Amino acid sequence: MTKPRPASRPTAVKPIDPPTSDSPKLWKTGLTCIEPNKILMRGYPLDEVMGRLTFGEAIYLLLMGECPSPSIGSLMEAILVSFIDHGVTPPSTLAARNTATTGAPLRACVAAGVLGFGRYHGGDIESCMQFLDTGLELVRKGASYRDAAQAIVMRCLESGEPIPGFGHRFHTRDPRAARLFQMALELEVEGGHIQMIRAVELVAASLPEGHAQPVNIDGAIAAVCGDIGIPAEIANALFIISRVPGITAQAQEERQREHPMRQIDPKEHIYDGAGQRRLPDKRR
Amino acid sequence: MTKPRPASRPTAVKPIDPPTSDSPKLWKTGLTCIEPNKILMRGYPLDEVMGRLTFGEAIYLLLMGECPSPSIGSLMEAILVSFIDHGVTPPSTLAARNTATTGAPLRACVAAGVLGFGRYHGGDIESCMQFLDTGLELVRKGASYRDAAQAIVMRCLESGEPIPGFGHRFHTRDPRAARLFQMALELEVEGGHIQMIRAVELVAASLPEGHAQPVNIDGAIAAVCGDIGIPAEIANALFIISRVPGITAQAQEERQREHPMRQIDPKEHIYDGAGQRRLPDKRR
Amino acid sequence: MTKPRPASRPTAVKPIDPPTSDSPKLWKTGLTCIEPNKILMRGYPLDEVMGRLTFGEAIYLLLMGECPSPSIGSLMEAILVSFIDHGVTPPSTLAARNTATTGAPLRACVAAGVLGFGRYHGGDIESCMQFLDTGLELVRKGASYRDAAQAIVMRCLESGEPIPGFGHRFHTRDPRAARLFQMALELEVEGGHIQMIRAVELVAASLPEGHAQPVNIDGAIAAVCGDIGIPAEIANALFIISRVPGITAQAQEERQREHPMRQIDPKEHIYDGAGQRRLPDKRR
Amino acid sequence: MTKPRPASRPTAVKPIDPPTSDSPKLWKTGLTCIEPNKILMRGYPLDEVMGRLTFGEAIYLLLMGECPSPSIGSLMEAILVSFIDHGVTPPSTLAARNTATTGAPLRACVAAGVLGFGRYHGGDIESCMQFLDTGLELVRKGASYRDAAQAIVMRCLESGEPIPGFGHRFHTRDPRAARLFQMALELEVEGGHIQMIRAVELVAASLPEGHAQPVNIDGAIAAVCGDIGIPAEIANALFIISRVPGITAQAQEERQREHPMRQIDPKEHIYDGAGQRRLPDKRR
């Protein structure tokens, strides 16, 4: 790159960060080690992990660095299942279907769908975790969960902010949130964050008509992650990882059932899939 | 939309597909039914699925429409684990890291990474499945697996085409492929596609020096999906679903460990993560 | 990277393409040369180009390597203007608006919109150019333009293929195509491709009821690019470059005028912008 | 959608925002009106704009709602040219090239490249405009430009914040910024924002060794946009619109000159394009 060139020709240049010595400056990764015929994921040979950890457990291992305990593993699976799809109407799903109808390949549809996780859609984790942490701070200083919950809810209302982790476009009782709390209780991982959000639930439900709000899946995931030690930035990732299969399925259904370049009207759909049914008894 | 407007103002128009009658034209979805306080994924209440199906099993259910058998469920998990990450060097991972270094949010990094699954990278499933089907056609007409494999490999070599599902930038024996075949055997789902690709493996390994190639994970997944009844377009999706956690982890590591706007040189990295280790014995 | 590591720790590895000698293997770029305080775009200092070439002319220079002649420059501007926006209904625009409504930043909306240029939407250039070239081949062998056009149209109809560059979801006479042909005539750059597509226009217009189709802007751009020497892959790029401002404007209007997380129904919109008006006389 | 269904089948439901009356709720767009055979862009027939406005002028019209004056039009062209490409090293360009090397189509490469405009890369407009406005506020209260500049620079240094619009990874004197200021002066549009940033330039240049920084193109564009009345969110869009042709050219060069799935090392490139040359004299 520093080869001399004829005077009239511009010299190529080294961009930034010229190394201070002749040896190149090494950067480090601690995730996956690749050697000929060997792949170590957080130290574990990937072929050994295959068949011994589930996909959900492997995701935890890759993101957190260690295998999950059985309880945390079960909650991981449940968190990842909870957000897997929500029908045709979420804007991210519509972005994916609109891409699919132009004949774009699957990966383009998935990318378009993933981009639709903006501030208002699955991106509420950090504010929800901070919200719960503010309440827990009051508890640490001696307040009851109820009084702390009352205080942080009031702060939201006074500032005109929505209560993070609460409210839903559609559900008055988010079945996914309820199930996640039930599992956390049964698996005995319920801690301060979940207690705090249950206390906020009571306050939020008793607000005057029109202001009462249920806890939603974002809030439930934030609370559970807080209690099992998953930091906010990784919790953020779980929404995307969870929803990608749903976006995939939606894009493929669009391509298989509909003609190309159609006008997708989210209101004019009807469900024609399987009727409500129960899992076979032998499923644990 | 058909409201009369003053003459000088342009009239808004209905775009395409004016309904032939007054009732709107309904389109249909069979994936997920959303009702107030109820979410049915392929007919099963999502809160019931949470805690009873793993994420891998739920992915199969959503994409295929029915719960997997235990054997197929195990293979699904293994397939999804097999492609979860491959270090810092794949171009899709570098696209994600280059996006992360500019301070872009996680979803942008994931989208950029997903876009890097082009024709040459994880998109070989359809050609591999067709390749195996061509061989199986010969077997149906009376050829032995060995002769059929010989024939289809020769066709590739004569036309200068690479053998789909074979070869790797890096590994001479892809440990993930070997493991997947072993599991298929143990779970007794080995069928024609796997037999065919094992026969091709023998032919490909005996090619003259410089042409011998190992089966790779794309080929193994294609063969296993063929034998467990997962069609090509869904198999395609599994690569994306599997790799998204890896892309996520890589983007977050980039953001946490490196300064912004750095020049990412894929050659100048070193692994500093956990040393090689074995899963605890109690893992099934 | 080849530093010795303790036995138990995995050794980092060089990925692909180990250089055959100690000097690194250099790859080459001929587009833009960056030196401290100097930026050369195809050899021209960028600060010299600023204020002397228009954006449209600079785009031609960057993509084609030389400054355009005045005629070709005018056509470039017109081509880029022609596809700049087409209202709220194209699927790519809806993908962008659906992304915007989630609060995603502008670049995510643009990326989602760009992904919606699939096979059926602005991606018809290559097939159209091949179609015209097939006709021109017949002309070179002695056929009249009319007979050649007849032949290639018949081939499409017999194989059930749509005529590339013809038909529109909405317009029966695409005003942009007509204008582009008029300019090509006035600027005296009309050549074989434009003659061929005008001949196909006549054949296509005389097809039986329900089959008659007008030439569309994709076809007009393909023909003009063919005659001014812009290859198919660069012509492809012009659609994306042209539409990005439109996608930008649409995403920003979505964010400024609408509340977040709304259900975007493409049918239920009305135009409330400026009434039809004419450019001031002094515009050349 | 409210058709009665058999009891066991789930009822499809209307998602959000049920209209309060039977007539649908209309939303409005003021950008482009589409009618059969007519396209009005901000009221002007698009075929009339073709050949009369340049692409740069049309971009201004679409984003701002009115045709630009000749001076503002010239500055728009210059702004759009200034950011058109910056060689192979920007992370966004590398994201695009890494996508291209996998065989992904052009639109995927462009989308990946566009996603790389994060907080640290072309996204500095809003902070820069606020920074200048803070200084202008002091001027309105009676301070000299020099004292105001001193004040706002000191605030940055005290808080450890970088001076928005200043500094560059590579250039000590950004030729594009200088040219833009020169044009603004010649076209007599220089106003408060440009005066303010020139004053900051003097302060920043006199900082002690190691802290002196030049104004960069982001800052110059922010200042010029401030003085010609282009708001921050639209100025943001100009970076993306400007760079898309560059990303396109880079992705295509990657595909044409390099083999697929290569390891792209940004340091190991050399420029082999046209030598430095001057525009022909007759270019205005």
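Brief remarks on what is shown
Per-chain residue numbering starts at 1, and chain names A, B, C and D are given in the order in which the chains are listed.
Rule of thumb we're sticking to: a contact is a pair of C-beta atoms (placed from the backbone, for glycine too) under 8 Å apart; a residue touches a chain by one contact, two chains touch by 3 or more.
These numbers come from a predicted model, not from an experiment.
Overlaying the C-alpha trace of chain A on that of chain C calls for a turn of 180°, given as a multiple of 5. Comparing the residue numbers each copy contributes, chain C and chain D share more than half of them at their mutual interface. Seen from the C-alpha centroid of chain B, the farthest chain centroid is that of D. Separating the CA-averaged centres of chain B and chain D is a span of 36 Å. One finds 20 Å separating the Cα centroids of chain C and chain D.
Distance from the chain A centre to the chain D centre is 30 Å, each centre being the mean of its Cα atoms. Touching of two or more other chains is recorded for residues 1, 10-12, 15-16, 24, 26, 33-34, 36, 38, 40, 87, 89, 104-105, 107-108, 111-112, 115, 117, 169-170, 261, 263-271, 275-276 of chain A. Shown here, the protein chains touch in all possible pairs.
Considering their complex, residues 1, 10-13, 15, 24, 26, 33-36, 38, 40, 89, 91-92, 94-96, 98-99, 101-105, 108-109, 111-112, 115-121, 123, 169, 260-261, 263-267 of chain B touch chain D.
Against chain D, the residues of chain C that register as touching in their complex are 15-17, 24-34, 36-56, 58-59, 62-63, 65, 67, 74, 76-78, 80-82, 84-89, 106-108, 110-112, 114-115, 117, 170-176, 178-180, 183, 233-234, 236-237, 240-242, 244-246, 248-250, 252-253, 257-258, 261-265, 267-280, 283-284. Those residues of chain A that touch chain D in the complex are listed here as 1, 3, 8-12, 14-16, 87, 89, 104-105, 107-108, 111, 115, 169-170, 266-271, 275-276.
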